[in-house]
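Next up: some structures, all given as structure tokens.
Both of the next two complexes hold chain A, though its partner changes from chain B to chain C.
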Partner chain A sequence: MVDSKHQWKAWLYLAPAIVLLLVFTVWPIINTVRLAFLNNYNSLTAVNQEEVVTFAVGIENFKTVLRYDGFLTALKNTALLTVITVPLSTLLALLIAVALNSIKPLQKFLQTIFFLPYVTNSIAIGMVFAAMFNVVGNFKIPRLVSTYGLVNNIIMFFGGDPINWINAGSGYWANMFVLIFYIIWNALPFKILVLLGGLQSVNKQYYEAAKVDSTPRWRVFTKITVPLLSPMIAYVVITGFIGGFKEYSSIVGIFGNTMGAPGNEGALNTIVGMIYDVLPKQDYGLASAAALILFAIIFVVTMINMQVSKKRVHY
Partner chain B sequence: MHMKIVLENLTKIFPSRNKKSGEEVVAVNNFNFTIPDGKLIGLLGPSGCGKSTTLYMISGLQKPSSGKIFFGEDDVTELSTESRGIGLVFQNYALYPHMTVLQNILFPLQNLRGKDKMSKEAMLERAHEAAKLVQIDELMDRKPSELSGGQQQRVAIARALVKMPRVLLLDEPLSNLDARLRLQTREEIRRIQKETGITTVFVTHDQEEAMSISDMIVVMKLGVVQQIGKPQEVYDNPENLFVAKFLGTPPINVFNGVVRGEKLYIGDADVLSVPGINDQEVYVGIRPEGFILDPDGALACKLSNVEVMGRDVSVVSTHEASANPIIRSIIDADNVINTAAETVRFSLKPHKVFLFSKADENRIRFEVK
Partner chain C sequence: MSEKKAFNTMHDRNMQHMNLLQRITKPLTITGTYLFLFAMALIILFPFYWMIISSLKTLAEYREAVPTFWPRAMIFSNYAEAFSTGNLGRLFLNTAYVGVVSTILSLVITVLTAFALARLEFKGKNALFAALLATMMIPGELFTITNYQTVINFKWMDTYTVLIVPFLVSVFYIYLLRQNFMQIPNELYLAAKVDGTSDLKYLIKVMVPLALPTLISITILKMMGAWNSYVWPNLVTKKDEMQLITNGLRNAFNDTSGNTNYPVQMAAVTLVSAPLFLVFLFLRKYIMSGVSRSGIKG
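Moving on, here comes the complex of A and B:
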């Protein structure tokens, strides 16, 4: 413990960090709450008037957000993407981590390859994915198509018909498939890293004991590996859900900031996308209210996650 | 059901860690031994002597570089650990931390497949039997983290025993226990082994532990077996200086001596007649209980102090020919010692005196009259 005489020194050393946190984190949070509860707050109206404009305190912003016809679409898209991608990417990451952990040669090399997406810009990856799924030319007139893109070429190589993934006239689930594919791929490296780290810190003796007990491989995985990794799995799932509800840049990366295939703009919007939609109109009140609603959703989902993991996470 | 274990020219060579020097480490060198059916065998030696490596080769977790292992008549050298049907208690127990005691003990039974597959009731019955044997049947719902070291150790033994293994292996089973629990648990291991009759091999660096419960001990040094025998036989009749020094508490006293005209001299004193031995320099090992307090004794030592330990008296003295800094002798408490005296004189019990060659430290035997 620092005695009171020298406490000012401790505060002094902490000051730079505290000041930065206050200015760039604490104040914006407080301000967000304030703006959300000022009815119809708009920074243009707030600044451009001669006299100071006061806004009534109330929940008008929240009402507007909930009535906004894009809100339900955004909520549905966000929830669908999260619920589908988090379990799938966690399971895949777990299998890859276990596989990586059980090979000796090339382990470091493969580890690096799996980690590459993590250090690559997600917009750039999105554009590469868009190119892979893109069809250049008019999809309806095959002789005008100059390329069907990598993915359709693979499908056609195996004798399938090309699919309109992301171009004009493409279907909702075709779009979603591309997004899910991309999000899972993008989410893998971090999860693999965490799970592999967890695996490598598991005492080898448990596996030797399992061998002595003549345990079949599948039972070793389900009864020993997964329970011993459960704290890491819980961590990966919880952070995955939080990240999933903040999904935005992946859609921009593939579809651009129209948030949808051409002719179907906004169909793939997410909650964060919605917040960005209202910002250019200076509707800070609406954006703040939407942000708080997003926060509430994430908060509730995380609480549920923690409750579930309390029962599932061992020791 | 139980069976002898035959180790035939068993050798384990570890490649060198330092690739440039390329020096290999011979952890176990040409080990030959038949472990008799239903006996408790202690593998004993200082760290790095290859005792654990031997145990892990019997378990199959390590593969021998050469040589063969038989369980009964079956050659199991190439058999995986899973198929050997052994029970192994790890030094740190390796209990599955996320399972209760009952789940830990049930786990090996739930792995049984095919014709060995058991019903749930039969498994529970067997688990409770095993738990009763090691007296932990009241702790079945606890997690390993809620158990003391001694209790964890019993759970580990129960888990190893529950599938009725052909062979039970224990790796330093008592090293994590405190002194009192160690005494108690080693008796327990002895009792359980007697009750089940399973051929058991355990590894220890503690000679007292090995001597007290083993039917036979194997003393190892740097991968080479030094001596195999019943504990008392090995103690009374060590093959070489290493074995003599390794067994016994307090340890054996070693002197530099000379044999001249079939008489043994320590310093200038003629302490013992050793018929049939050529003149040479020797190491003389004298067990602490080999000294007799004798005012006319030939061996005169400088008295340092006297420790009374109830039944016995431990006399600590020094002698210039001693290879150790002090000489510790244990004599009966009935003897009266003048603690103020400067010198103390001993005569020797001939069967507690061992001679070892200075060249190879092997035993030079003489006839005790």
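Moving on, here comes the complex of A and C:
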């Protein structure tokens, strides 16, 4: 069957994809590694001079990134956001999925509602969250505040004090709270979808057996539901970690390009945000080194996740 | 005999006891479950509700110390203002153009590649497929750096090309469609060969219609991606009139000083969100089945 004429035809079908992949996927992989290991590579020095500039090979870029003040902030923010939001959103999604699976009327309707955040533009809805937490006026001078914003109004209705969530002079953890809340809100739909899909394919016999033994609900949940769902849970946790380390647009949605509350720009920057800050300055060497570090982090975290799930996942 | 009877009555009594307990706890758990789900649904829906009612308020009403949960008077002029402030009309057209063209081209490339990988025989097929899958592990940010450099060298900045071409090939879509194509029995292909049908004709007449649900999922995900893309257009477009809708939205309303005209901003956000909602309402099934297999947004 496999004659040379056939081969030639197959490559014709593949040609468009292969050409594009070579330019926009394969070359970038090679080039990123190359640039990252060329000391202080910067396209301004590379292009602007007539003679060919050569760069020494070394790990200077990595050193610069690691010494760079903003990198540690970005790493801390990214790690904190991931470590906090992934377990919380997974647990919440699991509870919602189990609840959804146990009801009949309104199940499809509620399922649709829980999917809604997925079909939104994360920057646009981030702006809505910002509006709900925003204080109109000067927070420090109560006389000058026209409204404390919806969330503060709710807090005050229950007798609490208003909090400066995202405006000038707001604290780190107030900012982080808003981000965590938004990221979880945003992460739920995909997790619920996958977990509910898993629950619906679970063999009903296990539950029947538990019913006969009149096993308490909590034990059914921890001893039957969670183990049977563990492949799906592992899947949403792994993709959650990968997505978490690439967090960027939720912060842009709420705080804007400045990646921080007014007067505190960059305080909430993430690793991806840092790469995009460096790019327009054409510091490709630095950006490449940062991207490789991000890749290494994601790779290591994913491997750890896989190892853990290998031990705990029941297939 | 009497012993057995005694045991039976005891058993019955136990069962009755159980039933009574169940009769009390079951409605309670069901009510609890619904309450929990409704509370969660409320939290999910609230931002959308707030977005819409805020977009209809006057600025004065929005800034009242105690917020109103329904606008006293509906002000639709916020929408007109939002449209002109953000130059949204032009950006809507840009986004629609980029979305449609890149989806069509992407579909053609995906179908051809998936077909070759699923049906045609050539040397190195498995190696190529494995290499493709391997690229899926690398975070997209890593490609962005060199691609940024590349499009500057190609002098593509501020063109539609730069917004369309770099993302035409998605390994994930190829993978999805290849899996779908593999499920179509090979006998159909061989029969078509015997009849003298060409590969291309077979692909268009038989395989594409059979894989239509997957193709629809890919179309929607790709369109959603175009609609939501922010980072890349922000990097490669310097002229305002070449940007996409999300960039226009974020840049036109980038003031976080607290004195923003929120009703107008919320009107803009509503305008940008509405098309996705409409698509979702009509094509929910395809979106959800596509998403559950992908794990990526857009």
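The rule we apply is simple: the second predicted complex is superposed on the first by the 299 of 315 C-alpha atoms of A that agree within 3 Å, B and C clash if a C-alpha of one lies under 4 Å from a C-alpha of the other, contacts with A are read in each partner's own complex, and residues count from 1 in each chain.
Just so we're on the same page, a contact is a pair of C-beta atoms (placed from the backbone, for glycine too) under 8 Å apart; a residue touches a chain by one contact, two chains touch by 3 or more.
Keep in mind the model is a prediction, meaning the values are calculated, not measured.
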Check your understanding: Is A:Leu228 contacted by the first partner chain B, the second partner chain C, both or neither?
Key -> first
Practice item. May I ask you to decide whether A:Asn39 touches chain B, chain C, both, or neither, giving the answer as first, second, both or neither? Key: neither
Review point. When the two structures are overlaid on chain A, which partner does A:Ser214 contact: first (chain B), second (chain C), both, or neither?
Key: both
Practice item. Have a look at where A:Leu193 lands relative to chain B and chain C in the superposition and call it first, second, both or neither. Key: second
Check your understanding: Should A:Asn203 be classified as contacting the first partner (chain B), the second (chain C), both, or neither?
Key -> first
Check your understanding: Where does A:Ala291 make contact in the superposed view: on chain B (first), on chain C (second), on both, or on neither?
Key -> second
Check your understanding: Touching A:Ser309, do we find chain B (first), chain C (second), both, or neither?
Key -> neither
Check your understanding: In the superposed model, does chain B or chain C contact more residues of chain A?
Key -> C
**Study point:** Contacts of A:Asn264 with chain B and chain C, given as first, second, both or neither
**Key:** neither
Check your understanding: Taking the superposition as given, does A:Phe255 touch the first partner, chain B, the second, chain C, both, or neither?
Key -> second
Check your understanding: In the superposed view, which residues of chain A touch chain B and also chain C?
Key -> 214
Check your understanding: If you look only at chain A, which of its residues touch chain B in the complex?
Key -> 203, 205-206, 208-209, 211-216, 219, 223-224, 227-228, 230, 314-315
**Study point:** Contact set on chain C toward chain A in their complex
**Key:** 18, 29-30, 33-34, 36-37, 40-41, 43-45, 47-48, 50-51, 54, 62-67, 108-110, 112-113, 115-117, 120-123, 125, 128, 132, 135, 137-150, 165-169, 171, 174, 199, 224, 227-228, 230-231, 235, 246, 249-250, 253-254, 256-260, 262, 265-266, 269, 272-273, 276-277, 279-280, 284, 287-288, 291-292, 295-297
Exercise for review: Spell out the residues on chain B that touch chain A in their complex, using ranges where they run on.
Suggested key: 59-61, 80-83, 85-88, 90, 92, 94, 96-98, 107-108, 110-113, 143, 145, 159-160, 163
Review point. For chain A, which residues are in contact with chain C within the complex?
Key: 1-2, 6-7, 9-11, 13-14, 16-17, 20-21, 23-29, 31-32, 35, 43, 92, 95-96, 99-100, 102-103, 106, 110, 112-125, 127-132, 134-138, 146-148, 150, 153, 166-168, 185, 188, 190, 193-194, 197, 214, 217, 235, 239, 242-243, 246, 248-249, 252-253, 255-258, 261-262, 272, 275-276, 279-280, 284, 287-288, 291-292, 294-295, 298-299
